[in-house]
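Encoded as structure tokens, here's the structure I'll be asking about.
A, B and C label the chains in the order they appear, each numbered from 1.
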């Protein structure tokens, strides 16, 4: 098992320790997880998978809870529009 | 495409925090075939997330050696009596049981104020959860605010991991807190805890009668304005960890028809709800903390396993812990000044971006929902609901499945009983 | 304690009652609108909000077409939260038999100046790429629309209020007729005319009215912009709506302006409890997944039920109730309440003011049931 994971966040490559959640990776990269319906940037709020503010698009699919998903090698993560 | 997995248990425990673990272990130790399901891969709930707390390890070991089946998934529907559906990552669980123990825990209450939707404004437990999940907090400045014992625990934890805590703002008054300290005298263990926290937080400034009035910044929070007994002060920061105590997760009990009183699941001395063969333990019966949750879990597990005498031996301890919990609730009750936290343009429903002024026009939660879509987003009102209840005194709606968002295929996918593989044991 | 007299008291603040309030007020009458709860809380809150020109019968066509055109004309005045979208409907055909039905519908609509377009399988794929491959084609009806009903009902009531109409919300009605509406607290609202627009409760308030509840289920997803462009209905839907005794599901999806997908539909007779029926829901969603496999992985946020007010001949009751000069009905719209609301209000008020209605009203008269029984 790798001790580090290489992935892309909004097109930029980052490296995070294995076991990091996607929400944390977005925070490390300084990127908002999602854009709200009125256009505000949003990030994790509750940290436990209830608020849905940490939704991200992973490998082209939207509405993934970033706080509950571990980063995987080669993942392409983007701000959820 | 998910597969469907069917399981049958004597006792199914929903929720893998302290209450659930205690209930499951106790029941399994007395010969019951027990399953426990949580939506996290690791057990421990919120309070025992990540690190190895001695109590947590002890209970995890008891669970393991008693042969409890551990499942990972989110319970979302009861298609028929004695059956629950839960969605896992690539699986739909169909879980059959004789008896059910609900240990669904609690979540933070978050109140809206100007700027609260800025990135890096999080719940207090929320930021702690992020750090436990790997977020580097070393060298970052964090203002901690809100109410409840969680604030001190979070502040101590963050400080231990290298965060700088300029201030901890508690909305309760000094006199309330003083009365609460007196209540600690009856609980020596808690005094030790409190003193430990005091030592850990010696350098942090603690301010009662204080709450945030605004967070501001460009694209993320950069400073927080606090009101301290009317005096305004602004603190530059990287994060604002702000939570106003806990609200119980009663959605599943409601779905199953359990009677709720004052927002908590009504239970008898043996932790039985008003629904036959359905028990409830831990925070949903009353916010009590870890010790209380453990005791209630033990009582529920033992009772479900038929060990009535053993279950009742815990009543005294539970009584003492409940009294302490009630005094704690009184201490941290939200003060009326917090009603004026939101400005007219402050967003209250974050899923649908519904602003306070828009909500104020309506007379009930249902009217507000239908006209503004407040509460109709993916959080299903878990964040905005308690806030609206505090701000407007609105009573929430009844609950319908799915009680968590799930894939369409999970709601579509229950196969006929003949196609189910009934398995026991192991972990999924 | 009596209230002041009105020209008309409407019982039921759903889309039909709201449209009636708006129309009566527009023609200068003093209006009271009474509801046991809030505006648009019954079937109006539960339904899909579609505006569809239907061809089951001449009478159904006339009313739906007239009303759909009224909605189109009202569109510029509708506030944004009504979310009116002229997305059109595509009736989807899976095989040649259903394609024959497509062509029949095209002929029917064509003769009545309703624009349509026959789609072959390629055209269908182009317009709705997320439909499964292998479908034979369909019929596009571009003037059909969707909207968000609770806000539409509120808009109509607010417009009526601007002309002096008075809402009495949160007032449960125990009896109506003979110029009075009696409330549970003992008070009464008196009016020259009383309109029963109480939907599934209409029969309780006016004994003899033949309206039964037909339960439906819906599921709504999270936001997936661009997944679905038109309302889609399977042609088998007609078989479902026609059945009078059995529980049925049919493929019917609708795009919301938010990008959420609304998934339906189901019909059950005799189910009077509000709970979601797991078995029906499963069948409904499986049917939907058959037509649009991409739905399977989408996030379902909520599921709910609602009750349609159904009459024996599937046409609403709009007009005077025999035996009570003051009493009129505007109820029984089954799944077409939103569609038919505006025209219902028009022809009802026309009957009362002596204006010649734009379409023949005989098929909707409540007295038709009595005539049927007389001839039997």
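Quick note on the criterion: a contact is a pair of C-beta atoms (placed from the backbone, for glycine too) under 8 Å apart; a residue touches a chain by one contact, two chains touch by 3 or more.
Keep in mind that this is a model prediction, so the values were computed, not measured.
S.K.: Which chain has its Cα centroid closest to the overall Cα centroid?
M.R.: Minimum centroid-to-centroid distance belongs to B.
S.K.: Between chain pairs A-B and A-C, which one is joined by a greater number of C-beta pairs in contact?
M.R.: A-B
S.K.: Averaging over Cα atoms per chain, report the distance between chain B and chain C in Å.
M.R.: The answer is 41 Å.
S.K.: With chain centres defined as C-alpha means, what is the inter-centre distance between chain A and chain B in Å?
M.R.: One centre to the other, that is 23 Å.
S.K.: Between chain A and chain C, what is the separation of their C-alpha centroids in Å?
M.R.: 42
S.K.: Residues of chain C touching 2+ other chains?
M.R.: Residues 222, 297, 299 of chain C touch two or more partner chains.
S.K.: Residue numbers in chain A touching 2 or more other chains?
M.R.: 37, 63
S.K.: For chain B, give me the residues that contact two or more of the other chains.
M.R.: 377-378, 405
S.K.: Within their complex, state which residues of chain C touch chain A.
M.R.: 222-224, 258, 297, 299
S.K.: Residue numbers of chain B touching chain C in their complex, please.
M.R.: 1, 77, 79-80, 363-364, 366-367, 370-371, 376-378, 380, 400-402, 405-414
S.K.: Spell out the part of chain A that touches chain C in their complex, as residue ranges.
M.R.: So the residues of chain A in touch with chain C come to 37, 61-63.
S.K.: Mind pulling up the chain A residues that touch chain B in the complex?
M.R.: Going through chain A, the ones touching chain B are 16-17, 19-21, 23-24, 27-28, 32, 36-38, 40-53, 55, 63, 67-68.
S.K.: Taking the complex as given, what residues does chain C use to touch chain B?
M.R.: 37-41, 45, 81, 150-151, 154, 219, 221-222, 263, 275-276, 278-279, 281-282, 285-286, 288-289, 295-304
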